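Presented sequentially are two complexes of chain A, the first with chain B as partner and the second with chain C.
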Partner chain A sequence: MLAHMIRHSLVRSAGVTAWSLATLTASAALATIFVAMSIDVGQKMTSSLRSLGANAVAHAGQRRDGVGAPVTADSAAWERAHGLAEAKRADLVEFHLRVGTLQGAPVAIVTADAAGLARMTPYWGVNGRRAAGQDECVMGRKLAQVLGTSIGATVEVRLDGAAHHERYRVTGIFESGDEDEGRMFVSRKPRPEEARFTYALVSVPGGEPDIAAFNTSLAAAGAGIELTPLRQVLHGERAIIGKINLLTGVALLAVLLLSSVGVTAAVLSRVIERRKELALLQALGAKRHSVVALLLSEGAAIGVAGALLGYAAGTVLSQVIVRQAFGVSVTPHLAPFLAAVVVSVVIAVLAASIGARRALRMETAMLLKGE
Partner chain B sequence: MTAHAISVQGVSKIYPGGVHALDGVSIDVRPGEWVAIMGPSGSGKTTLLSILNGLDKPTSGRIQVLGTDTHGFGPDDWAVFRRENIGLVFQQFHLIPYLTAVENVMLAQYYHSMPVREQALAALERVQLAGRGHHLPSQLSGGEQQRVCIARALINDPKIVLADEPTGNLDEENEARVLELFRALHGEGKTLVVVTHDPEIGCAGERIISLSHGKVSKDSATAAGARLATVGGPPGSSGDPCATSAHA
Partner chain C sequence: MLSRMLLDSLGRRLSRKALSVLAVWIGLTLVLALLSLSVDVGDKMNLELRSFGANITVEPLASAIPVQVGGHRLAPQTVPSYFDEAELPKLKAITFFWRNNILGVAPRLRASGLVKGQVVPLVGVWFDVPITTGSEPLVTGARQVYSHWSVQGAWPTRADQCLVGSAVARKLALSPGDTLTLVAGRGEVALSVAGVVTSGDGDDGAVIAPLSTVQGLVGAPGKVSSADVSALTTPENKLAEKYRQDPRSLTPDEYDRWYCTPYPGAVAKQVQDLIPGSAARVVRRVSETQGMVFSRTKGLMALLAAVTLVVCGLSVTGILAAAVLERRPEMALLQAIGARRADVLVLFLAEMAILGVAGGVLAAFTGPLLGRWLVSVVFGSTADVHLAVVLIAPFLGLGLAWAGGFWPVWKAVNQDAAQVLHGG
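== the complex of A and B ==
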């Protein structure tokens, strides 16, 4: 009988039901999107931020051999580091730093894979173009100024006390805002006998804990390489993600508050519309809690329907948003569904309880008076 | 001493604003008695009925129904007491519009014990609405709706039936049908308290209690009541108020 009454009551007040349902669906959809984003997009956004460059630097560790001499990471060690990076879906690009002379002045020459360099330094403002071939280089703005070099010029770098020289054509001059502006970057690999310092820029998906985990793996593999997080970058990322979460959280709360008001207004109008019916139920012997149960059940029914519709809509929308923003899919989780159910049912039941409170305050005798 | 079906002692009702709807009303109704409460608009008839059925509370005074002192009853106590002992008939019928006739009757069963469709259909048959059980109130005439209301009032076999202007919205034909039903209920020994403006309905009972400005202005036996009184004892004090009535 109760279910029958609830069904008929909801159908009869179709306008109010539709309004409540639409509001709850929107709230549940927003809750679904927010929770799905919070869980998934935090990671995806961090991954996305990786396209903006490195978040850690890898360098030879402080390992020492049996007699206490420092051990420099060899190519085998870097190979192991590359393997681990691949396993962790991290991007690791080696940089070999040599010192030569150019027009009699000492100059730092950095060798890196051209594509890898581009991935790790997307923020460079390159005038001209990046170096692509073995005989090409890009030069930092400060170095180019000191040497008076321009794009298209050919420079000759002397190495090993002028015993060896390399010629490069300058394809671009870049601005980076850091010490790299005093260096030149090439892709030709150094000769094995050449003295050099090797380091790597690493882009690790995730935040500081993921970098720490990568570091642990490197130590476990005995690679002799350590990873140092670029805290400035990580802190900035954390702050951005935190602010985005805060803003969306506040927006969600505002929407939930507004939807609560909307649903409460709808429920109250339904209670007022049905005040004689509710008075009649009490006249027929319904206890107050039975009237409350009827209204709460109606609220819960709309709440559950709103949760299911909202979850479906929210899941589709979050997929679309995440696909547009990050080019990936949202991983299904239980939490967004629970959030949709909790938000929708809580708002609906809360509104219904306000309506029930109002219903119980009404003068039953007056409502049933025969005039 | 006779146990009263209803005993009202010094009941007053003052609404907010100081309106005295009832002012020290005292009446007793015997079990099985058919009492009409009459009086002009605003005399306190409906207020008295609302207090008798527990939907309203008196400002002062005591009420015993079927030997139970209702003083201190809360809304839930009254709800339980009402569903066990009292059937209500309303002028405006108050049927739930989205429930069929039989479902409206079953609703009273639902809050009493358990809805049984067959019993509800039998109650409708009793009020000559067999075959109309599946109709919505909007598909029934006023007289038919009132009979559904009566069937709903009777479904739990109450000892007392309280009716507020039961024929107020009905034509003569339906009024006669309702009156017939009340006679049948009276014949079964139900206690009937009927608030009415209609002298014909009032005079059909055993006794008419007239209210004026919230006070009992007259309490007298009808001819029917006088006939019964010769067998069962005096119901009222005055002469037959229906003697000059066109319907008497």
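== the complex of A and C ==
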């Protein structure tokens, strides 16, 4: 019976119902978008920034305890680190730094797997091309300027106090703006007996907490390797995401405030339209709480409908927005759905309760007389 | 006749009219505040990219490159090269084209010293140094440029205070409030440890003191080894890439466009031209990250602002529609005593217009103020009141009032007047 009355009532004042439903749907859609954004934007931003390379540097654990010469971890330690990185879906690329002599000046020569180097340094601006073969190298612009080297030139590096030398053809000159710009990068592996300092660039999915968790795992495994987050980039990333969340929060608050007032106004106008019907119900013996229950149920019904429609619309819109900004889909979460239901139902029931209060204040006899 | 009826109508049930004006006022205040915020959001978000810190580094043109890892030298030190600290205020001078894009400067003087018998890297930096050249004063230094530094304790405020890197603090058992004796170059100095800094780079293993203190200690007055510059830039595009690949490949028009756009490379080039004997380089890890964040957030925030504004506008329209629905009997009575449908429509829409414009005028004062407050809360900076937002307010009030009022009035005037008057 109650369901029948609610359906009849909602259909009878279809205009106001449609208006209330539209406002609630819009509010629920925005709640869905904003909650999905606050969960997803951080993750998507972080993962898209991972395409720009590393967010941490790995080195022998002892180095952080001292201020002297850097210490190199042994190959077993790096193997353990590689295993843990794989388990955590992190990308770890080893770099072996040797000191050689080029045109009589000391030069840092870094050996790294060519593909790994490209993954960790996509931000380099390379003129020419990256080195691919064992006899090729890329050189930092600063070093190239000091040595007067250009693309296509062949350089001879003396190692181990000039006891050994290696020849490389310069295939590219890169700009990085950091200390890499004073180095040359090759892919030929150093001989086992050569002195070198090994470090690694690591791209850990997520932010600083994930890097800290990786560090804890490394310590627990006794790898003797530590990660140092690249705080400059991570800090900026966190600051920007914080601002986006704050902005969406402010916008959501404004929308909720106006939606509440808008839906309340719509519900009140529905009560005014139906004042005779409500008076007749009371005259026929309906108790006051029955009238309240009817109005609240109507509110809840519109609220649930608004939540479902809003969630659907909000999910589609979030997909469009996130796909446009990050080129990937929104990850489904329960939170946006709950937010849509809570926002829509709470606003609708709140508005209905205000309408019910007003309905109960009406004089039944006067209304039935048409005054 | 119409004006008399309109005045009479406005004079009656003043509380109802006040409520309608209040609804438009509050609603439009929020709409205008969000509009102000969305006008500023692009610039402010771009400004927020300063949290990434320095994106340009200036070094002296060197004849040799130190071989080092994380600030530790792996090969014997080459002859140090410097440039003059006095050149740096030029970055904010009126003659420098990009002076307004320079957000911060942190010069560094690198040396090494002895603390408790251990050799430690020594870095001299600016801490809150005012640059007074030009029309825009700027207080800058490590605190502004290295916002990623996490300082336990306090930042140095005096020449005899310093920061110690977290690794140094651990190794030498130093904490805020301790005093260390630093021996370097020409003498020694007692420094009070103001704070312990975690930077995530080579500075964790260094003692960081005010630049003038380090200059005096190592005998290099007025000299700096490098300077980190935080500049407001725009993401690189094909033109910037073309210049980077080969500057000579640009046509004169393209070169002018490149030169007058704050690409990181263009700003760096002009910084280099400004400081004699220097080489300015773009820190590409930072500038590429800034570019990606900027391009990702730009469209995102604009889209969110647009959706929010539409929903807020709809809500205000709904409030007004509800207010009109309540007055259907009044409209029916007018029709019953001979008023034409058009007259009723004009009368009510005119009334709605007056209420809407009144709400809009009030919101023109409060909306931009709320917007300014929101900008200060969200971005921690001041914002201008946009004249366009103020001027649009009454028209927005009028538009929303008519949008909300037309449909219910039209519906009411087309209903059977007798039925409405009978309460049906």
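Please note the rule applied: the second predicted complex is superposed on the first by the 292 of 371 C-alpha atoms of A that agree within 3 Å, B and C clash if a C-alpha of one lies under 4 Å from a C-alpha of the other, contacts with A are read in each partner's own complex, and residues count from 1 in each chain.
In the analysis below, a contact is a pair of C-beta atoms (placed from the backbone, for glycine too) under 8 Å apart; a residue touches a chain by one contact, two chains touch by 3 or more.
Source: prediction; values computed, not measured.
J.: Any idea whether chain B or chain C touches more of chain A?
T.: Of chain B and chain C, the partner in contact with more residues of chain A is C.
J.: What is the contact status of A:Ile321 with respect to chain B (first) and chain C (second): first, second, both, or neither?
T.: A:Ile321 contacts chain C only, not chain B.
J.: Would you check which partner chain A:Ala339 touches, where first means chain B only, second means chain C only, and both and neither mean what they say?
T.: neither
J.: Is A:Ala28 touching anything from chain B or chain C once the two structures are fitted on A? First, second, both or neither.
T.: A:Ala28: touches no partner chain.
J.: Quick one: classify A:Val11 as touching chain B (first), chain C (second), both or neither.
T.: It touches chain B, and chain C stays clear.
J.: Would you check which partner chain A:Val330 touches, where first means chain B only, second means chain C only, and both and neither mean what they say?
T.: So A:Val330 meets neither chain B nor chain C here.
J.: Should A:Leu143 be classified as contacting the first partner (chain B), the second (chain C), both, or neither?
T.: Only chain C; A:Leu143 stays clear of chain B.
J.: Mind working out whether A:Leu227 is in touch with chain B, chain C, both or neither, as first, second, both or neither?
T.: Neither partner.
J.: Figure out whether A:Ser290 sits in contact with chain B (first) or chain C (second), or with both, or with neither.
T.: The answer is first: A:Ser290 touches chain B but not chain C.
J.: Pick one for A:Val155: touches chain B only (first), chain C only (second), both, or neither.
T.: neither
J.: Which chain A residues come up in both lists, the one for chain B and the one for chain C?
T.: On chain A, the residues that contact chain B in one structure and chain C in the other are 276, 370.
J.: Residues of chain A touching chain C in their complex?
T.: 15-16, 19, 22-23, 26-27, 30, 33-34, 37, 41, 45, 48-49, 52-53, 57, 59, 63-70, 97, 99, 105-108, 122-125, 127, 141-143, 145-146, 175-179, 181-182, 197, 199, 228-237, 239-240, 243-244, 246-248, 250-251, 254-255, 257-259, 261-263, 265-266, 268-269, 272-273, 275-276, 317, 321, 324-326, 367, 370
J.: For chain B, which residues count as touching chain A in their complex?
T.: 46-47, 50, 53, 55-56, 75-76, 79-80, 82-84, 88, 90-92, 94, 96-99, 103, 106-108, 110-112, 115, 152, 164-165, 168, 195
J.: Enumerate the contact residues on chain C facing chain A in the complex.
T.: Listed in rising order, the residues of chain C that touch chain A are 23, 26-27, 30, 33-34, 37, 41, 45, 48-49, 51-53, 56-57, 62-70, 72, 74-76, 78, 118-121, 146-150, 167-168, 170-172, 198-201, 204-205, 241, 244-246, 279, 281-290, 292-293, 296-297, 299-301, 303-305, 307-308, 310-312, 314-316, 318-319, 321-323, 325-326, 374, 377-379, 411, 422-424.
J.: Inside the complex, what are the residues of chain A that reach chain B?
T.: It comes out as residues 1-2, 4-5, 8-9, 11-12, 276-277, 279-290, 363-365, 368-371.
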